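One chain, chain A, appears in both complexes that follow, with chain B as partner in the first and chain C in the second.
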Partner chain A sequence: MNLEALAACVASASCAVTQVSTGLIVGTLLFLVAAGLSLIFGVLGVINFAHGAFYMLGAYFAFSAYTLTGSFLAALAAGALGVAAVGVAFERLIMSRVYGRDLLMQLLVCYAVILILDDGVKILYGGEYRLMGMPEAFAAPPVEVAGGFIPAYYLFMVGMALAAGLALWLGINRTRTGKIVRALAINPQMVGALGINTTLLYAGVFGLGSLLAGVAGALAAPIRTLTPGMGLSILIESFIVTVIGGMGSIAGAFLAALLIGFTRAFGAIGFPLFVDGTMFAIMALVLMLKPSGLLGREAA
Partner chain B sequence: MRRPGLLRPGLLRDALAGLALLAVLLVLPLLFPQPALRDFLIYTIAYGLLAMSLNLLVGLTGLVSFGHAAYFASGAYAFGLLMQSGRVSLPLAMLAAVAGTALLALVIGAICVRLKAIYFSFITLAFQMFIHSVILTWVSLTGGDQGLRGGIPRPPFLGLDLGQAGTLYGVCAVLFVACLGIMRQVTQSPFGYSLRLIRDNPARAAFLGLDVLRMKLGIFVLAGAMASVGGIILALFVSGAYPEFGFWTTSGEAIFMIMLGGTQLFLGPLVGALLLQTLNHYVTVYTEHHGLVLGTVILVIVLGLRRGVADFVHEHLGERRAARAASARAASAPTASARAEAARGPGEVRLDGVRKGTT
Partner chain C sequence: MDTESSGGPGRVLGRRQVLRGLAAGAAITGFPHIAGAQAKVLRIGMPTILSGRVAILGTSARAAVQLAFRQINEAGGIAGRPLELVERDSKGRPDEAAKVTRDLINNDGCEIIIDGEASSGAFAVHEVIRDLPVLCLHTCSETSSLSADPKLHVKTAFRCARQGIHDAVAGGTYAAKIAREKGLRRWMTCSPDYAYGRDNTAEFLEFTKLFEPSIEVVDQVWPKLFAPDYTESITKVLQVKPQAMYSALWGGDLVAFIEQGNLYRLFANVGFFSGGLGDPPVLTAIKQLPPGLNTAYRYNRNYPGKPANAAFADGFARIANHEPTNWAWQTYLACQFIAEALKRTGGRTEGAALAATLKGMTLASPFAVAEAITMRDTDHTIVGYPVAWGRTVPKAPFVEDFAQDDWGKILELEAQWKKAKGYA
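The block that comes next holds the complex of A and B.
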């Protein structure tokens, strides 16, 4: 515990700016992963415990594409589309067989897939840490704000995440497909009876959710070390985010991701050993006071 | 109406089965004196208790807890710390560790059981990670991520020297079977049947006047206490306690054991623990791609069998028994009807006679 250091940091503009930017980065990645998780849960009613492994795959796909082509755009596309494809395959081949079964079965198949993917990555890329390195496009000097420095790439990441979040929100709330997806979440039989291919839609939504995890992984690749187990911690944290924000709520995920991001960034200064405990305490508090989450709908 | 007491039907059979299990556990290391077997059995016993106590929540009451390892760790740490303090005897430390864990489960459970379905799972996970984080942070007491080191002393008690591997194993086996006995008694008691009702139809249970929350809390505390015994056994055996005991992967493994073995049979989770231990053992011996093999096995079981192995075998045997009974009935049908005919014969005659007489 070092609350004086925390107070001093909040008081000094340069430290506060640095920590806010760190918090934004953590929050951004969490938001992308949690939004996918939340979307899949909201529409399909299943919890994709393998979501963290998809994030990891996104990072490794981006790493491969970047080392092959040297283009960060290609890396981003490989991470996003590659993971979307894996997500669709996972949904069709495995997950769709356990829809409507109890939670334990879903948990178990995801656990199995996590084990297989982690080991697969270990076989293909080796178990040691990998670094992708910062793409040249972002080699610009960091932007100075009130004495604190923010790397250019951070700004790009936050912009990407905001764009993705906005696109998702508009897609769900303002388009015809979005309307169908929302209807699918409420009454799949009715949607099917109206002649809409719900199987295709389910796979599509699962793919989209996975794509978000892939984008997060690809965005994280330049600033994080790549290890086969890197999906685990983000999985747990994005769970906390979805629970705090409310299962199935994209806006809630955004709010909660920022909350957790800032808790992480400032907690690292004030109470470094107790950051995880604080996150879980916040989650427990939310579950006790409002089990459906900050912005979640009340469970029927 | 007479209240069913402790002496329920089937008690004798269960007691005999328990004694037989104890005998097998005690004789096995005598027949195969390799230390590796004894170690394997103690691990299975410790994790078996964790899985079986978790199944009191998952299979019996329908509460899917993701945070059961918290009580496993709490038992191990409480026991280890008490023994290291050197002020209490070994059995007293065990009792205190179980009681302390039960109290912890009471406090946490009082909050958790109010939530339903997935929210219950999440809040149990949250509390477990909170406890895990406390273990990591409170370095002066728990040793942080290094675990509780310096060994756990095993002073002799009642003439038993636990420093000897054989005696240690024997005490663990007796503890294990005693816990199984308690859990079996609870599942077969009226309380246990009330829990099944709560699992299948909570609204109806409440309507019938059961205090659902209190019953859930009761089984939550009992399950926590039983898990702590598993933790105590493991701490006693490895002579230490580690934060991994309370990490979420330990809970995950316990859930996996339950699913591997099956939720509906009393001993299913134990079968699962045994299978997982065996699998882990052989897979690590033969390949370094442990996750790949384990993951594939899980997928085959879940997508192929669609239930736990013990449940599958049980249902398969049940179906075969039913089929055999059906075919036996079909085979004996003609003779049976002939016999019925023969039995009815004279009666009809008599009836005819009566009828004749009346007309």
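The block that comes next holds the complex of A and C.
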């Protein structure tokens, strides 16, 4: 524990800028994955344990597209749309058959899909680690802000994540389709009775949640090593985020992801040996004081 | 007349009966030859990691055995017996490594074991060999105690791999020299938070401080093993502003750390020393390898600068489609030791006979710093292999200017270390 160093860092503009940007970098990527998880749970009421595998697929799809075309935009599009398509297929062909079943059945189905996707990636890409490489456009020196440094790619990544989060929030809260989706989450029978194709909506929401995981994977591909099974660690952190933020709450996921990001960034300075412990302590505290999460709806 | 149904003396044999008889005769006379040929094959078992995050190391060790056995078999095998590899995937789990090793010996008829496990699995295999004393060569574990601790000694087990204490002495010598020349006093470390990461870092610092007492370790960060993101560790380094840093990160973790460090231009201002960067798959995976990083030798086709070393790299690449790894050259060397031991025993495969031959064996090798690598008789481990450090350059094979530490000095300090540990 080095609280003096933590206080000195907070008091120093350069340190504060660097660590705040670190928190945003860690937090926003986590937010993208957790938001997809939370969206699917909020509307469909299922926990997609295979969400981490979708993040992995997004990274590998982006890697393939970038290798083929050399275009980072194509890589982002391949990661996002490819995983959205996989998500829709997964929902229609597999998950829709276990709606309403107990949690264990859903968990088993998702676990089987995780193993299949991990092995599929291993067959197609090999078991060794791969790296996409940084696109030329971002091969610039880090930007200096008040003596702190922020890499250009991370500025883009945070911007993309924030834009995706904002678009999702606006889409759900300010559009007619969003209203229908919210209604679907509360009373699907009534939505169906109004002549709206709920099957299509379920598939669309699942695809959108998966797309967010795909975008996160594609954004991570230039800076993280790609390996089969890489989705597991981010899935665990995403669950922490959704529990803290409140299952089904996009705004809660954003708040919790930033909380985790800042805990990791400043924890590395002040309490480096207890960063993970702090994350779990926050989760435990939230579960004790407000079991529905920071912004989650209380059970009726 | 139905010739096919007739029997008894004087019967006429039909065409189909003749064919059946010929087939049966061929089976009776031919199968023993085939069975005899199969019995002549000398099966050598190999538990290794063929799946998971470090699978490339296990598959590279397998490719090295395939290359070595192909060469040995093309030269006539051992006393007329061709060598056959039987490999099993341990998935990196010690319990599975022990299980498959038992299976290889008891069920698959393997007479020798090449242990291609990382340290955690190697200790498990070691204990199996204590029970089932066939000859075993550990080809991947670098943990010193495996061969240095006399309590762990197994008569038929040998290590044909680099050893942590040798690397620590060489790394300390090299880093202290650079620190002296460039005035690098403030040091930091960034290593994975598990036993190997902490032990390796402690040994490196111990010997660096021994040779250059003026250095000071101002901070240490311990990211999790297989962490996907190192941003908070990198920004911590930026805050602490050390003049130099050591890292025991390896494999994909090291690749991610360097690529993420590049975004902050981390390596422009910090002298970087790494124990794992020199492995060719790591060097080739990094898209923007910064020049001037200091790394321990893991494998390099140009060092030792011998034609046989380059020939090994070419032969290996034809099988594996990539440059050899640290595990690959060590495993290939183990095959050469095994072949020589078998030649000296006249093809006898009893563990005790092979072990007696292998103790103290000196073998001319493309990987030797001088001419030969020796399997030391006292603790069953190799000496005379490259324990060198070099600097990265942007072009393949990515590391040059290797500085080899004096083996006499390494052995002297190793002896002191053993005494301090109670091993000698």
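The rule we apply is simple: the second predicted complex is superposed on the first by the 291 of 300 C-alpha atoms of A that agree within 3 Å, B and C clash if a C-alpha of one lies under 4 Å from a C-alpha of the other, contacts with A are read in each partner's own complex, and residues count from 1 in each chain.
The working rule: a contact is a pair of C-beta atoms (placed from the backbone, for glycine too) under 8 Å apart; a residue touches a chain by one contact, two chains touch by 3 or more.
Note that the structure is a prediction, hence the values are computed from the model and not measured.
S.K.: Overlaying the two complexes on chain A, which is it for chain B and chain C: clash or fit?
M.R.: In the superposition, chain B and chain C stay clear of each other.
S.K.: For A:C9, decide between first (touching chain B), second (touching chain C), both and neither.
M.R.: The second partner, chain C, only.
S.K.: Put chain A at the vertex: what angle do the Cα centres of chain B and chain C make there, to the nearest 10 degrees?
M.R.: Roughly 70 degrees separate the directions to chain B and chain C.
S.K.: Tell me which partner A:Y129 touches in the superposition: chain B (first), chain C (second), both or neither.
M.R.: After superposing on A, A:Y129 lies in contact with chain C but is clear of chain B.
S.K.: Look at A:M160 in the shared chain and tell me whether it touches chain B only, chain C only, both, or neither; answer first, second, both or neither.
M.R.: In the superposition, A:M160 touches no partner, neither chain B nor chain C.
S.K.: For A:M230 in the superposed arrangement: first (chain B), second (chain C), both or neither?
M.R.: So A:M230 only meets chain C here.
S.K.: Check the residue A:Y111 against both partner chains and state whether it touches chain B (first), chain C (second), both, or neither.
M.R.: After superposing on A, A:Y111 lies in contact with chain B but is clear of chain C.
S.K.: Taking the superposition as given, tell me the minimum C-alpha spacing from chain B to chain C, whole angstrom.
M.R.: So the smallest C-alpha gap separating chain B from chain C comes to 5 Å.
S.K.: Hey, what residues of chain A end up touching chain B and chain C alike?
M.R.: Common interface on chain A, chain B vs chain C: 122, 273, 276.
S.K.: Under the definition above, what is the set of chain A residues touching chain B in their complex?
M.R.: My answer: residues 47, 94, 97-98, 102-105, 107-109, 111-116, 118-120, 122-123, 236, 239-240, 243, 247, 273-274, 276-277, 280-281, 283-284, 287-288, 291, 299.
S.K.: Which positions of chain A touch chain C when the two form their complex?
M.R.: Its residues touching chain C are 9, 15, 18-19, 21-22, 25-26, 29, 122, 126-131, 133-134, 139, 141-142, 149, 151-154, 220, 222-225, 227, 229-230, 233-234, 264-265, 267-269, 272-273, 275-276.
S.K.: Contact residues on chain C for chain A in the complex?
M.R.: Listed in rising order, the residues are 50-53, 55-56, 59, 221-222, 224, 226-229, 231-233, 235-236, 238-239, 251-253, 255-256, 259-260, 262-265, 281, 285-288.
S.K.: Considering only the defined contacts, which chain B positions touch chain A in the complex?
M.R.: Within the complex, chain B touches chain A at residues 58, 64, 111, 115-119, 121-123, 125-127, 129-130, 132-134, 136-137, 248, 252, 255-256, 258-259, 263, 289-292, 294-299, 302-303, 306.
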